[in-house]
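Here it is, the structure in full.
Chain IDs A, B, C and D follow the sequence of writing; residue 1 opens each chain.
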Amino acid sequence: MSFVLGPNRYGKAETRVVCVRRDTDRHEVRDLNVSTSLRGDFTAAHVEGDQSHVLTTDTQKNTAFAYAKKVGVSSPEAYALALGERLLTAAPAATASRVQVEEYAWERVEVGGAGHDHTFVRRGGEEVRTAVVLRGRDTQPMVVSGCTGLVVMKTTGSQFTGFLREDYTTLQDAEDRVLATSLTARWRHTTTDGLDWDAAHAAVRQTCLAAFATTYSRALQETLWAMGSAVLEAHQHVAEIDFSAPNRHHFVVDLAPFGLDNPGEVFHAADRPYGLIEARVQREAHECTGHFGEL
Amino acid sequence: MSFVLGPNRYGKAETRVVCVRRDTDRHEVRDLNVSTSLRGDFTAAHVEGDQSHVLTTDTQKNTAFAYAKKVGVSSPEAYALALGERLLTAAPAATASRVQVEEYAWERVEVGGAGHDHTFVRRGGEEVRTAVVLRGRDTQPMVVSGCTGLVVMKTTGSQFTGFLREDYTTLQDAEDRVLATSLTARWRHTTTDGLDWDAAHAAVRQTCLAAFATTYSRALQETLWAMGSAVLEAHQHVAEIDFSAPNRHHFVVDLAPFGLDNPGEVFHAADRPYGLIEARVQREAHECTGHFGEL
Amino acid sequence: MSFVLGPNRYGKAETRVVCVRRDTDRHEVRDLNVSTSLRGDFTAAHVEGDQSHVLTTDTQKNTAFAYAKKVGVSSPEAYALALGERLLTAAPAATASRVQVEEYAWERVEVGGAGHDHTFVRRGGEEVRTAVVLRGRDTQPMVVSGCTGLVVMKTTGSQFTGFLREDYTTLQDAEDRVLATSLTARWRHTTTDGLDWDAAHAAVRQTCLAAFATTYSRALQETLWAMGSAVLEAHQHVAEIDFSAPNRHHFVVDLAPFGLDNPGEVFHAADRPYGLIEARVQREAHECTGHFGEL
Amino acid sequence: MSFVLGPNRYGKAETRVVCVRRDTDRHEVRDLNVSTSLRGDFTAAHVEGDQSHVLTTDTQKNTAFAYAKKVGVSSPEAYALALGERLLTAAPAATASRVQVEEYAWERVEVGGAGHDHTFVRRGGEEVRTAVVLRGRDTQPMVVSGCTGLVVMKTTGSQFTGFLREDYTTLQDAEDRVLATSLTARWRHTTTDGLDWDAAHAAVRQTCLAAFATTYSRALQETLWAMGSAVLEAHQHVAEIDFSAPNRHHFVVDLAPFGLDNPGEVFHAADRPYGLIEARVQREAHECTGHFGEL
């Protein structure tokens, strides 16, 4: 009997590349976690064990380090564009490369009211900036920027009422609740030319935060829509934006047995289960394949 | 300016349902982590904040618990089929439901040479059995069984040689190496009728293990192909099988500086980076959309 | 044969207490993870199964929530002092209570240049503020403040040379290296009266950061000593300070095979193994028992 | 002002040593995570930055690998005894060494009814075997064996009733409940001579499991006592045993709103908060210092 090789890809995941720019005494740091992979005609490697067209994952790792030096890291996106191009050149059998970069943020330690030249403290920890670049041979590269672990909370300005009720429904309406989530967002760019990637990333992130803060929420779904619409409205270079938002439930603790009132002041932050809301906002309707589908 | 809601889904993730069958003194346990979600026409919830068609994630959680009692858990697959059907019934606006179940295995504690009636020890920990059921309204449900965290290693019978060499290649040929991975596998069934899900799962898992053990490996890619082909060969109810295999690198430690030989006996098990190989084996070529694509 | 019950304690771990102060429209948030435990004469509970003197862990949890409302959370330390006292009162068989609090920091989302009234973003994620209060019946409570996951790095101003060399030594001297760690620090207070806990915590943390930045490091050990001495010098209310510092190794990548120089610019950040340095700095020599020993 | 260096230690944590014995075609595997540290007079390293007496953590790592080859790994305990002795010899300034070993278990893949020669599957994942050896210069080494992540559950044979009630108590008596925990146990040996460490470990573990199964439990405390007493009774080489047992709460789900009875059949497995019970059982009363205290 004979079978067929379906979709496949391979690469090196989580190469931890840290770059220090030390041209002057005031050092700059970029701290990356880089994952690369290739797709293409690798049937021989699978079916016959023939590795002659395989650019090894070890070589992909070496290239990730070498390109950090050779082209530098002006931004995760620019670095990923260059690295992805190199991988395609190096592996003729590949039809597409994928470079995913996570960036961890550092800020200068304050000493005597000023940021120190070469000492840094990790800002955030859960929040990570992300970038994915998909490159084919004859197409425009697709660049998707994003963040993950952006934990936000609003202590009022959120309700959840009027939902469908049926046999298994016990939830009560909540007129005023805490809304919290650990946001993952990814936005696809219409172009890759001439963008200041760092500035653009900060601006989109800030638009999301401001929309989260200032929109009254009748559901997490509505909040995602508000954030997505605000981003598309304000940032022409964004084609579409995708959210994944686990609802970090904060339950009001019943203190009545102890003779205490609790008008939305003391909450239990629960772990599991949690609501999980996922949505995308686009400029116009189109199929997802070819866009986020391959990510 | 007006925008469009793209793909979206929502549900309750990670409801930890534990079931004890206690009809007799010899109890049976099924320990599940259940995630459900719905897709469909939920534009009003996003754009207008109208929740009247939303089956809340809290209700989905209640239903997961109630169905564990009502229909029981004869297998993760059977339970997920029933639960997914109920969710579609309860939410008229939904066009599809998705139920994902992770199962943690327990075995009886041995006392005096026999398994104890009501005391269990968790078997495995990293290895988890998985099942995903996707249901639409007018289509056959799609059932994908699988496992994740199946950690396997072979201490010989594996090489990696003859690969592409270019400017950034430093890796040397390895004629005899340790091959280890933490395997994730998912297999889609051609039918959902009449299958003994527990027996079928054990059989596919064993086919994978045996193929891993007995196939000489010239690359992890070839090993995945061998496992996939063996499964399709032996199990007619499997339409296709998908693997994700992080290469858990074991590097031979250089003990020469200490006057010690090390002919493949002492290894350093590395964390990151790691090779990541993903491949699918199918009965015949077809597009992935409509199959694993929506998972 | 008869045996003896040795040291024991019990309690409720990781109660996730979130408090919102909403007296005005400008809300304040304190987000805590609270673990309590009791020691004392609980032999009957162990040996005879007699629970009549056991303040259940469920009650401890209830008390943690109720006290968040009743006395509020002006600081983790003040809250822990009150909660620990209550637990001793409620459990006559207990001789000592222990309350451990982890606090997660949130900062206001900036909207239009000002911090929003009721919307917050999680600051840090890895960094957690800690407080432990040990209370006996006839002794001063012991208060230990601290932090964990404070990740710092300096890109120069650090060497490691002149170390002991013997048969198994292969490490080369490093004249200029990256020094990075995820710092855990705990400092014991000489007094619990009249301290502004929040201000004191910020000040000690800043002293550590400044000492890390401005001290030339000939080993991580020396850096810990420098931080500890600086804290004792500047903060009279600190009796002693304890550090645990995993060395987050940053290895210079060898780019010579690719014709590239790498003068301390591109590093591989390694996971495991890692050096782990632990040290305490005290005002004068004394036994550890009775101080950190019971933590 | 001058301060004093308090307790301190340093070493290399989490060296991942994997050993393959390949004398015959039937390979044997030992998979270890090794952490070593030294205590002693290292004041100069801290206060003056003088590293001349410091056996570097890198050398400790090298020694861990070299000793895996040189003396082999007949058991974690035997390996740790040898490695700890070597570290003391290599570092004259050290007064004590500590070697901690975690061992991950592998079992042979079954092929055609027999265990395969060189292919293994990881058994367990959460459960880890542990060994700690503390060595001073003129004292007997202290050997503590143990396990962590041993997850056990009994579905009946457990109650929790008759506990102390006061103002903040809301918990109801439970006459028949699920009792589950992820057990950490550590037992100190009276001697290090002539013991078959592997067999002894398996025997103590089995005694714990059997006691857990067959003892009716009126509290987790009583269960720990029962396990500890059984171990001391059956194993003369064990001086004392220490347990840490997080209560993995299984809450009966209220299905009454859905017209369903739930007589202890469907449970919600909760994450946090959790009861945490810690106790030690000894042959006779003695101070903890000098025993587990330094671990």
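For this structure, a couple of remarks:
Criterion: a contact is a pair of C-beta atoms (placed from the backbone, for glycine too) under 8 Å apart; a residue touches a chain by one contact, two chains touch by 3 or more.
Computed from a predicted model, the values in this text were never measured in an experiment.
More C-beta pairs in contact connect the chains of C-D than those of the other pair, out of C-D and B-C. Distance from subunit D peaks, on a Cα-centroid basis, for A. Measuring from the averaged C-alpha position of subunit C to that of subunit D gives a distance of 24 Å. Computed centre separation for the pair subunit A/subunit C is 30 angstrom, with centres defined by C-alpha atoms.
Chain geometry summary: the mean Cα position of subunit B and that of subunit C are 38 Å apart. Annotation for subunit D: residues touching 2 or more other chains are 15-16, 62, 66, 167-168, 170, 257-258, 271-272. By the touch criterion stated above, subunit D contacts subunit B in their complex at residues 15-22, 27, 29, 31, 62, 65-66, 68-70, 106, 109-112, 116, 118-127, 149-157, 178, 206, 209-210, 212-214, 250, 253, 255, 257-258, 260, 262-271.
Interface residues of subunit D facing subunit C in the complex, by the touch rule stated above, are 1, 3-16, 35, 37, 42, 45-59, 61-63, 66, 90-91, 160-164, 166-171, 217-219, 221-222, 224-225, 228-229, 232-233, 240, 242, 246-247, 272-285, 288-289, 293.
Subunit C makes touch with subunit B in their complex at residues 167-168, 170, 257-258, 271-272.
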